[in-house]
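These are the structures in question, set out in turn.
In the two assemblies presented below, chain A is common to both, partnered first by chain B and then by chain C.
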Partner chain A sequence: MNNIILAWRNLWRNRRRTLITSASVFFAVLFALFMRSLQLGSYDHMYKNVIESYTGYIQVQQKDFWEDKIVDNSFPYDLQLDQKILEDENVVATIPRFESFALASNGPQTKGVLVMGVDPEKEKNLSKVRDRMVKYRLTPEAIDRIKQDPGIPAKVKELTELFENSAYTNASRLQLDLGITDKDAPDIMPAVERHSHFENGAIQLGEPGVWVGDKLSEYLQLGIGDTIVLISQGYHASTAAGKYEIKGIVKLPLPDIDNKIVYLPLDICQGLFNAENNLTSLALAVNDNEDKAILETMNRIKSLLSPELRLMEWREMNEVMVSQMDADNKSGMIMIGILYLVIAFGVFGTVLMLTAERKREFGVLVAIGMQKKKLASIMTIEMLLIGFLGIISGSLIASAIILYGVDHPLVFKGEFAKMFEEYGMEPMMAFTGIDTYFIWQVVIVAMMVFLAIGYPVRKIFGMKVVNALKA
Partner chain B sequence: MKTKIAIILFLHISGIIIPALGQELSPKEIIRKANERFNGEKTSISLMAMTIVRPTWERTLEFKNWNSGSDLALTLITAPARDNGQTFLKRENEMWNWNPTISRLIKLPPSMMSQGWMGSDYTNDDILKESSVVNDYTHEMMGEEEFGGRLCYKIKMVAKEDAAVIWGHQVRWIDKKDFIFMKSELYDEDGYLVRTEIGKEIKMMDGRLIPTILELIPAEEENQKTIIEIREIQFNVPIQENFFSQQNMKRIR
Partner chain C sequence: MIWKTAWKNVWRNKVRSLVVIISVTIGIFGGVFAVAIMNGAIAQRVDAALNQEISHIHINDKAFRDNYDIQLTIPDGEQILKEIEEMPGVSAVAPRIQITGMASTATKSAGVEIIGIDPEREKKVLNLYDTTIPGTGDFFESESSSLTAYIGQELAKELNIIRYIVDEDVLAALTGKEVPGEVLNKLTPFVGIRFKNEKAFKKALKGSLTLKEQRNFGKSIRDAAWSFRSRSKMTLTFLDKTQMQTGAVFRIAGIYDVRNSMFEMSQVFVKNEDLIPLTGMAPGEFHQLVVRIDDLEATEEITAALKDKLPDLEVMDWKEIQPDLAMMTDMVQRFYAFFMVIILAALAFGIVNTMLMVVLERTKELGMLTAIGMNKKRVFSMIMLESVFLSLVGGVLGMIISQVLIGITARNGINFSNYQEGLEALGYTSHIYPAISMPFFITVTVLIILTGILSSIYPALKALKLDPAEALRTD
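Presenting the complex of A and B:
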């Protein structure tokens, strides 16, 4: 106990030195946690985007479909099986889909597209494609209307030109792009929203009509009410060709899919491909999406399936993305490793100086009869206290930032956002909440402090009192 | 008497009388004769059915064909109902497709040339790029063999080096008596068998003896083949060249 009191007093004897040393630990913890949270959060966000707007966590497929995505590898939609799957405790809903590729054309413009036959009602449980409908668009006419509105500031009017023809699925993004602060929003936004409002129609089972991705509609130069022509090969080598009215435009957060997606009502899509009542996949919406729960659910459902069918997990279905994220994760770890190395030397440097500074003091203490062992343990406690001070303050501040960040992801706008989109990413970075990675960063920094302690302790035991007194 | 000899000599040289005299024909001559029997007429109108056989399913298409020489062809799909009205036009090396459900005329792009026509084992290239079995190959007699109950010449044809053909070599079985292609084996340039074509049900159709069923069996795929059946055929019906037009593709029923 005495040792601790002595150590504590020693700390505050030279306040500046203590603060500098613990500050280096503090920054190590803060940066490591901040970076990690941002990185992991962004991965989570991307996974979520893909899973929730496209694949779902689990899918039932015909056994050969994944290797060879042709409509011949579809399977009949068995309502009894559907019912049995729905009885599983973790399954919230089943989402039947029929997807294939087709050539879409409008006059001279042609493009290979991904055709998704969906049940718009059931899709609510997973991809929420209705929430992705374009609600506002800065068409040239809309910009004209905004410019003529006296209630809108000149700066906003100027910005509209930069975002000409941009589509928005929600008002907050529109507000962000136009540089309208939250304070001004209630005055300006209603007018802007009114001017840029974009009207979409619904698609529903039994009614021919399509929704197309925003980027695709741009490429094919199609708008609401126009006709899109789809040509493909249907079930068992039949011809699949049809023309449909565009009822709505969606904007998906995945630019790679946004530029090629066409949504059709499920039954219309099955008709197009001459595969009545067949599905290419049955996606499952789950309650608990933790890895363990997914695995258990898959095991339970597997027993219900005929050997013609198989289950796929989101990781298998998004292999490319998973390995991409993995590579990015590794490079992130290397970055943090370098950060640690720099900081470790910083901490070690301060300790080195501290030991040199106090060499004479140590010599005097030993000369007047203090045991080297006791001196070393006081020194150790001092260092630990400095370390904990840094770690605790660092993680407290980091937690505060991260907890705020979880609800307020970094959203980029303007040119920077465009750059993100060109790389096929949504222009935002999300934080992940406090999780196991937190403990790891703290443990690593603590180990650095422990290593640094070794130096003064060795110095004390190897000290020649006479030399030390002369220092 | 002199004129008689002169005529016989002339026929001899032109090679027409040779089989009649029972002399040995050159392999090239055999191929030429068989080819003429197959593609020899100026024009034809036919009704055909094509069955695509796959390991788990089968599908039959019916269509009507107008042909003029080897450069012009118009095909109208008549069944199943779903595909009824679709037409294909071949003019030399180009193929067009008219689809009434979407009212679109499509020129088949080069990227689709290696794909099967209407999902069959016949590629679009097979239809468009008929090379000359006479001029693009060197021919070699391999002997005689019985096939389908008929005694056949077995002839190996090796593609000439500068010829624009997709096959490395072919082996063909040709009926000795009637000069009918009974069976063909098509090999790629590495000598692997790609596909076998078999002629069956030899019948007299509009005055010509032809195989009315043609089976096309790809070598690499198991339990997979395409069967073409000629149900009706008329030869040398006068067809104007302007019949093979894009306008007519949309009109014809």
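Presenting the complex of A and C:
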């Protein structure tokens, strides 16, 4: 206890030095935590987007479907199996799907599209495609109406032109694009929402009709009520062709999919491909999506499946994205590594000076009878205190920023946002909450301090008292 | 005089100065090298886009890019082509037909852009022909009685045109590549099996090799077992000018590899003369002109001239065609600056601390200097210079080391093959040649000097506050 008190007092003998050294540690911890939180948060967000709007965490598929995504590699929808899977403790719902590739056309315009046969009711448990329906759109008519509304400020009116024809699934993005502050929102937003309101119809099992992605509808120049023609190859090489009325427009947060997705009711889709009652995948919605829980769930369900079927995990289904995130993650870690190396030298330099400066003091202490061991332990405690001062203050400030950031992700606007979309990413960066990565940063900084302590400790033990007194 | 004193002061406490210098060296080296890798990747991306994918300027109907309507050809195309060809600064022009369609084989199909080209002219605007994978054919050079198409590696994989076969030759090739016998033994059960595509082969490998073996040898094994049957064929289907479905069987002329999955997946090249009879278009009709110019710097000037000349057509330079390319460069440059500033800020803490120590240690000496008449300005600049020297020595060392390492690695490049799939999906190659421009070094040097100056201000002010009489008395 005495040692700690002595160390603490020593710290404040040279307040400035203590503070500067702590500040460098503080800076490293703050920056590293901030960056990690943004990086990890963005990955989580992207994984969540793709998993929740497309693949799901686990899928049951015919054993060759993933390698060879053809309609022939579909499997019969077995309700008994479905029931058995639903009995698993971690499975919330099963979502049957039939997906394939087709050529979509509207007279002169054609485009390869991803046709997804879904059960709209069951999709609620996973992709929530209904939440992705376009609710507002700044059509030229909507912009006209907004411009004629005297209650809307001129700045907002100007901005509408920049976003002509943009579609929105929620009001907050619309508000952001139009530069309306939260304070003004209650006065302005209701009118803007009313003017730009976009009406969608539903699709239902048994009723022909489709929902198409926003980007796709733009490309094909098709709107609600128009007809889209789908041509493809059906089950056992039969021809698949059909025309359907567009009932609604969806906007998915994955631009790569948004520009090619066509949702059909499951049974209509099976009919189109002449594969009645077959599925290409049965996605599972789960309660607990931690890696361990997913693995356990997969192991339990595996035993229920016939050898013709197999389970796919989200990582396998999104290999490319996982590899991209991994590359980005590694580059972020290298940057933090460089930063830490620099800070480590800074800390070491301080320790070096501190030792040289106090050589005489050490000599005196040992000469009047202080054990070298005790002196060394005081030094160690001193250094640890400096380190922890930096670590604790750094993590506190970082936590405050991160906790705020979790609820307020960075959302990009304008040109910058467009570039993100070109790369198939949603124009935003999310923070991840306080998690194990916090501990890692703290451990690394603590190790740095420990390494630096080696120098003064060695100096103390190798000290010749007479020489030290003369210093 | 002050310069000399400051320089000598740096070396009075060698260990302490070296610690600071080394930390600056490491920080600058790490920062510059990381920037060089990113910079290299972007430069390669831009290079690939300009030389293999889009060239410099595109000319087409104003509404053509909205949805690639087959009706929207360039009126009097041939005439315009000739006129542009003769413009100063233009090195080549190539006509293109572009149609959206579907490519399919017996079992698979995919949406593609069918691009009709004149191979001889096309070779002058883009060197895509140079990326043909050896053994898969060529860029429409050999005579063929059938219709032929030049397709990307990713599409070939998707359509099961590329298969994976392990045979004795493959095993022999792998032995040459130092794949251990143990792994080869595990591969023998696959001899004679024809894997339809990469995924199926990967799955089989996954079943029999350990994770480590897959990581170390997976790629070499896949490259060796890669197999292409010459004269494979596929069907291209699309709507003709009368909106009737049409199509034909095309044999594969060659397979290209530009290390950009999206491009490889979607761009199918065929000869104009093969495509025109299917489309109902008249001979000599086309949708787009691709222009290559002599000097990249003159892009804006020539684009403007073309816009004046062709007011009824859309003229776009590469920056307008792929705005993300220009923006990416811009954004990354900003990111570099931010990254370097963060590193320098971290370094500044160390420098401030050291300089502070210097001032406190030399209290008596500084007092003496002031007492014998050294003015405050000189004291201040002496300390500031010492700090600048400290950081500059480390900075220059760091830059020299990074330049040397960049030189070494730029010769053969660095291969991030573990991330190949992910990077190529974004259009970036995984084999990166680090590169840095001289102006960047100048910027860094200025930043280092600034850091030195800024971090000396506080310690130097401390020194100025010393009362000479008081300072002389300290011991």
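Some observations on this one:
Everything below uses one rule, namely that the second predicted complex is superposed on the first by the 426 of 471 C-alpha atoms of A that agree within 3 Å, B and C clash if a C-alpha of one lies under 4 Å from a C-alpha of the other, contacts with A are read in each partner's own complex, and residues count from 1 in each chain.
Following the convention adopted for this analysis, contacts are C-beta pairs under 8 Å (C-beta built on N, C-alpha and C of every residue); 3 or more make two chains touch, one makes a residue touch a chain.
Just so it is clear, the model here is predicted, and its values are computed rather than measured.
Once chain A is used to superpose the two complexes, chain B occupies space that clashes with chain C. Looking at the shared chain after the overlay, A:Leu264 reaches neither chain B nor chain C. Once chain A of one complex is fitted onto chain A of the other, the partner contacts of A:Arg16 are limited to chain C, with no touch recorded for chain B. Once chain A of one complex is fitted onto chain A of the other, the partner contacts of A:Ile338 are limited to chain C, with no touch recorded for chain B. In the superposed pair of complexes, A:Ser105 makes contact with chain B and with chain C alike. The wider contact with chain A, measured as residues touched, comes from C rather than the other of chain B and chain C. In the superposition on chain A, A:Val113 makes contact with chain C only, not with chain B. Contacts of A:Thr350 after superposition on the shared chain: chain C is touched, whereas chain B is not. Contact with chain C, but none with chain B, is seen for A:Leu220 once the two complexes are overlaid on the shared chain.
Applying the stated contact rule after C-alpha superposition, one finds that A:Ser232 touches chain C and leaves chain B untouched.
Taken together, the two complexes place residues 72, 105, 231, 233 of chain A in contact with chain B and also with chain C.
Residues 72, 105, 229-231, 233, 236-239, 241-243, 274 of chain A are the ones touching chain B in the complex. Interface residues of chain B facing chain A in the complex, by the touch rule stated above, are 52, 54, 57, 59, 80, 82-83, 86, 99, 101-104, 106, 116, 118-120. By the touch criterion given at the top, residues 16-17, 20-21, 23-24, 27-28, 31, 64, 66-70, 72, 101, 103, 105, 107-113, 219-221, 231-233, 260, 319-327, 330-331, 334-335, 337-339, 341-343, 345-346, 348-350, 352-353, 356-357, 415-416, 418-419, 422-423 of chain A touch chain C in their complex.
Looking at the complex, you find that chain C touches chain A at residues 13, 15-16, 19-20, 22-23, 26-27, 30-31, 34, 66-71, 100-102, 104, 107-112, 160, 196-197, 199-200, 203, 237-239, 243, 245, 261, 323-324, 327-328, 331, 339, 342-343, 345-347, 349-350, 352-354, 356-357, 360-361, 416, 418-423, 425-426.
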